[in-house]
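The structure follows.
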Amino acid sequence: MTLKVYLSGEIHTDWRERITEGAQALDVSFNSPVTDHAASDDCGVAILGAEPNKFWHDRKGAQLNAIRTRKGIEDADVVVVRFGEKYKQWNAAFDAGYAAALGKSLIILHGAEHQHALKEVDAAALAVAETPEQVVQMLDYVLTGRLPG
Amino acid sequence: MTLKVYLSGEIHTDWRERITEGAQALDVSFNSPVTDHAASDDCGVAILGAEPNKFWHDRKGAQLNAIRTRKGIEDADVVVVRFGEKYKQWNAAFDAGYAAALGKSLIILHGAEHQHALKEVDAAALAVAETPEQVVQMLDYVLTGRLPG
Amino acid sequence: MTLKVYLSGEIHTDWRERITEGAQALDVSFNSPVTDHAASDDCGVAILGAEPNKFWHDRKGAQLNAIRTRKGIEDADVVVVRFGEKYKQWNAAFDAGYAAALGKSLIILHGAEHQHALKEVDAAALAVAETPEQVVQMLDYVLTGRLPG
Amino acid sequence: MTLKVYLSGEIHTDWRERITEGAQALDVSFNSPVTDHAASDDCGVAILGAEPNKFWHDRKGAQLNAIRTRKGIEDADVVVVRFGEKYKQWNAAFDAGYAAALGKSLIILHGAEHQHALKEVDAAALAVAETPEQVVQMLDYVLTGRLPG
Amino acid sequence: MTLKVYLSGEIHTDWRERITEGAQALDVSFNSPVTDHAASDDCGVAILGAEPNKFWHDRKGAQLNAIRTRKGIEDADVVVVRFGEKYKQWNAAFDAGYAAALGKSLIILHGAEHQHALKEVDAAALAVAETPEQVVQMLDYVLTGRLPG
Amino acid sequence: MTLKVYLSGEIHTDWRERITEGAQALDVSFNSPVTDHAASDDCGVAILGAEPNKFWHDRKGAQLNAIRTRKGIEDADVVVVRFGEKYKQWNAAFDAGYAAALGKSLIILHGAEHQHALKEVDAAALAVAETPEQVVQMLDYVLTGRLPG
Amino acid sequence: MTLKVYLSGEIHTDWRERITEGAQALDVSFNSPVTDHAASDDCGVAILGAEPNKFWHDRKGAQLNAIRTRKGIEDADVVVVRFGEKYKQWNAAFDAGYAAALGKSLIILHGAEHQHALKEVDAAALAVAETPEQVVQMLDYVLTGRLPG
Amino acid sequence: MTLKVYLSGEIHTDWRERITEGAQALDVSFNSPVTDHAASDDCGVAILGAEPNKFWHDRKGAQLNAIRTRKGIEDADVVVVRFGEKYKQWNAAFDAGYAAALGKSLIILHGAEHQHALKEVDAAALAVAETPEQVVQMLDYVLTGRLPG
């Protein structure tokens, strides 16, 4: 059994690396969005031409990124969504809702301070974790039945 | 043609009333979440018993609210999601993602200040409006072909 | 909003009556299996001819009952499954799994003594209740936003 | 043709080994839940933190196990569900219902004493067997057309 | 609960009338193909223009009839397929396969002499009856829980 | 049986009126896009604000019209698509492809001069007609079994 | 592009061999039912125990064969169904209907004498052929664009 | 991540070669229709026998080509549809509609002169490009996060 895992959400800390490195002995294939913030913001106009209006500048980029995001989520068995300290992160919550409607197994990763604000998102998840290491331990258990410690 | 419209998101201003009143001559049926903030937060423990841990207190409520929310979205032709001035509003973005994955026609309603933060959500929508009156005008046009003015 | 509710499971106590009577002022339409135990067991052979082998006797009945059960579950918004004191009740757990796979909102109703044995079933539910009155209160809240007391 | 087979249900006898060993010359890939009873019960709290209330202790574990179980069933061509001598085994019946709703080919494995209690589950199956060896013979026939003896 | 029933297959005896008359006190809505043999054969060319080649004459008619047949089957809760004494009746078996793949509850109606030839079709059904009266009794039981006699 | 029919395509002749009037004695409910060419082109900017770039002007309108079009097609049993004498009419062919992928019964309506250019579209249809009166005759036959003349 | 092709229907002539041999240079993977008539009839009772009643004898076999048949059809891109000279062949027509409802590309293979009786089945197909060699030529064309001669 | 891309539409210029060559270092697998115009027009009658009526000549060919086209679109992650200078190209718009209804990521490729006529098609797309090189750049970005220049 290979587990396909999509890592959605926050792009300013090293949580993806901690999961992919922690899980490198496991039969998991990872996917994620483009995590280069500038490239992700400007990809649309860089390829398809400039837009004077920021709204359409953003639209072109967001739709191009959606090609990757949708495939990542639709192909996944498990979607991990991380909410960080800063920004609105509405795209993370949008991905969680998208994955939930497709019946994907959802793991939500966030600090205790967001517990109340994320209650509807957490309620759709099969697990709510605080650290990337817990995600690795869960992937390990799901694939091998092994528990930490 | 009756249009079934679900009104998701922000619960602290009168935007739902402005839409339902503005559209009362149209063949539209509206649904929405429970908009009483306190009831929505505490419904789970009020019916199913208290929880000392706030996380499970929230879980019980969020899952009970999900019975209404999912039916509302799944039955809808059009899902309108409003983002307001305050709070994280991750449940609104979650609903938008959920609706998008089900192929619902999405209308996003927000002020100009949220344009960049909502770019992925807006990119999944068929329309992005700033005022409830624009939503009414769109419902009117979709149902009757009539334009304002 | 009319809520379509299917009442599955235990047929030896009055829990269905307590729910349907308690909810009679609400916009709910209820469905349930045939609850006459003898008719339910023998319906197949009574109509389609006797079977000397009890296995096929049971098969004929169970498949005829499945016409009603599947329609009931597939048409429902909410599936309530009650586990009682006695018997194996594997058909109740089967219905719960069937409803879960179809994405129905599940409410499980059982006494505290079955908590551990039902943990996988409960984990697929949006609510776990102990009394029929709690189910009525949840239907009331989902439809009207009203809380008890 | 590779047949993907999920082996659900009873975890206290060697029926899984008898099937996987019996079928080792066939083009079958097997999956199953975690069958270490203690790990399966405690996996949630072992990774995600202790819960004083047994209900939530069980919930955390059951939801984590669901990541593996759902993938196993959704990926399968054939779901074999074994009911043993002891316990309520509602999770086995739940898996059978879940698999049935997804249109999987179901094989139910149980002793004659459970025939009446399992009639609704059996009625959704394409085969009802009493021994693991019969399951092996069926997989052999389905893949090669070969009959025993 | 209204049951939507589609009556497919043989068009040379009065079995449909016996069912619809027998069930007239029940909450059932019936649909069926056009049962006027000549109209059914020639409808395509009568409306869309003659075809010198019988193959395309038949094609035009069969595709026009398919508009009605597909809607009838797709809208149905229960599909009853009757096999009679004469002709190949491949369209009846085709309808049964079509309904089975859509997960409809299938009832097959035929005389004992076709038992072996129809074994694959019967095996996909929830009931196999010999007389229209048995079909009426099953509809009655499914809707009301009432058994004959 | 009520037949829901969506009338897509060409908006410069009276073909829709000829069908709806011809079918007024039948149990058919019709839907169609907004057929006021100017309103359809400008609806987006009229409600949501002007766009200096014609591409985004068109985008806003086309997406608003899509709310109506998608609902019309998704709700329909039968989608009739008319190709006229003039213009590219790519939206008509797009609607035909959209309806085909959803498994709708397609009727294509066009003059003989477009036969070769429309061969892929026609090949996905259950009927190809040249006049609105033929469409009326087909709806009449599908609903009542009656043939013209 | 690998094309997955299921070969359903008549089992008394060498048409499957003529197709698989003719297509051996092509990127096609073939599947088919068990074509040993005796094994196919008796597989159920040979493995799961004798039945005195021929109806249940047939049922056991037909349901066991369905495990293979359904997987074959569900995995296929193209389903070829051959109707021969003899027998009722209702299982072939059932497979065609099943495949049609799943949206598979259907090719029907039969002699001219069955043209009228198969008109509804042919009308659901993308091609109707008379010889296995035509099927090979079509697979060749679909995969490579090459035409015969 | 391998991206499966279907290249639909115009067959008279070298746009497919420019994309497949430009993307040859990327993890993309391409599919496309048969692009030999004469073979595509005559394949049906070349294999299945001549038709005196051009309508059925075209039908036979179009349905045979549909076996390839549907598989190509259904297997794809991304469907690129190119509209050229000449012809009606209704099959291209049909493919775009078909792909949109299946939820595929759509990229539309056309010159500025078709902007208004393609507005409904463009509005269903995640990107609208003018050159094959832009398509290559987008595939590169989606797979690697790399931007041109």
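Labels for the chains are A, B, C, D, E, F, G and H, by order of writing; each one numbers its residues from 1.
Heads up, the rule we're going with is that a contact is a pair of C-beta atoms (placed from the backbone, for glycine too) under 8 Å apart; a residue touches a chain by one contact, two chains touch by 3 or more.
Treat the numbers as computed from the prediction; the structure is a model and nothing was measured.
Looking at chain B and chain H, the chains that touch each of them are A, F. Of the two chain pairs shown, C-D and B-C, the one joined by more C-beta contacts is C-D.
A separation of 40 Å divides the Cα centre of chain B from that of chain D.
Averaged C-alpha coordinates give centres for chain A and chain E that are 49 Å from one another.
Spacing of chain G relative to chain H, judged by their CA centroids, is 31 angstrom. Looking at chain A, one finds that residues 63, 66, 128 touch two or more other chains. Contact residues of chain C toward chain E in the complex are 31, 34-36, 39, 42-44, 46-48, 60, 63-64, 66-68, 70-72, 75.
Within the complex formed with chain H, the residues of chain G that make contact are 1, 3, 77-78, 105, 126-129, 134, 137-138, 141-143, 145-149.
Considering their complex, residues 54-55, 58-59, 61-63, 65-66, 69, 83, 87-102, 114-124, 128 of chain E touch chain G.
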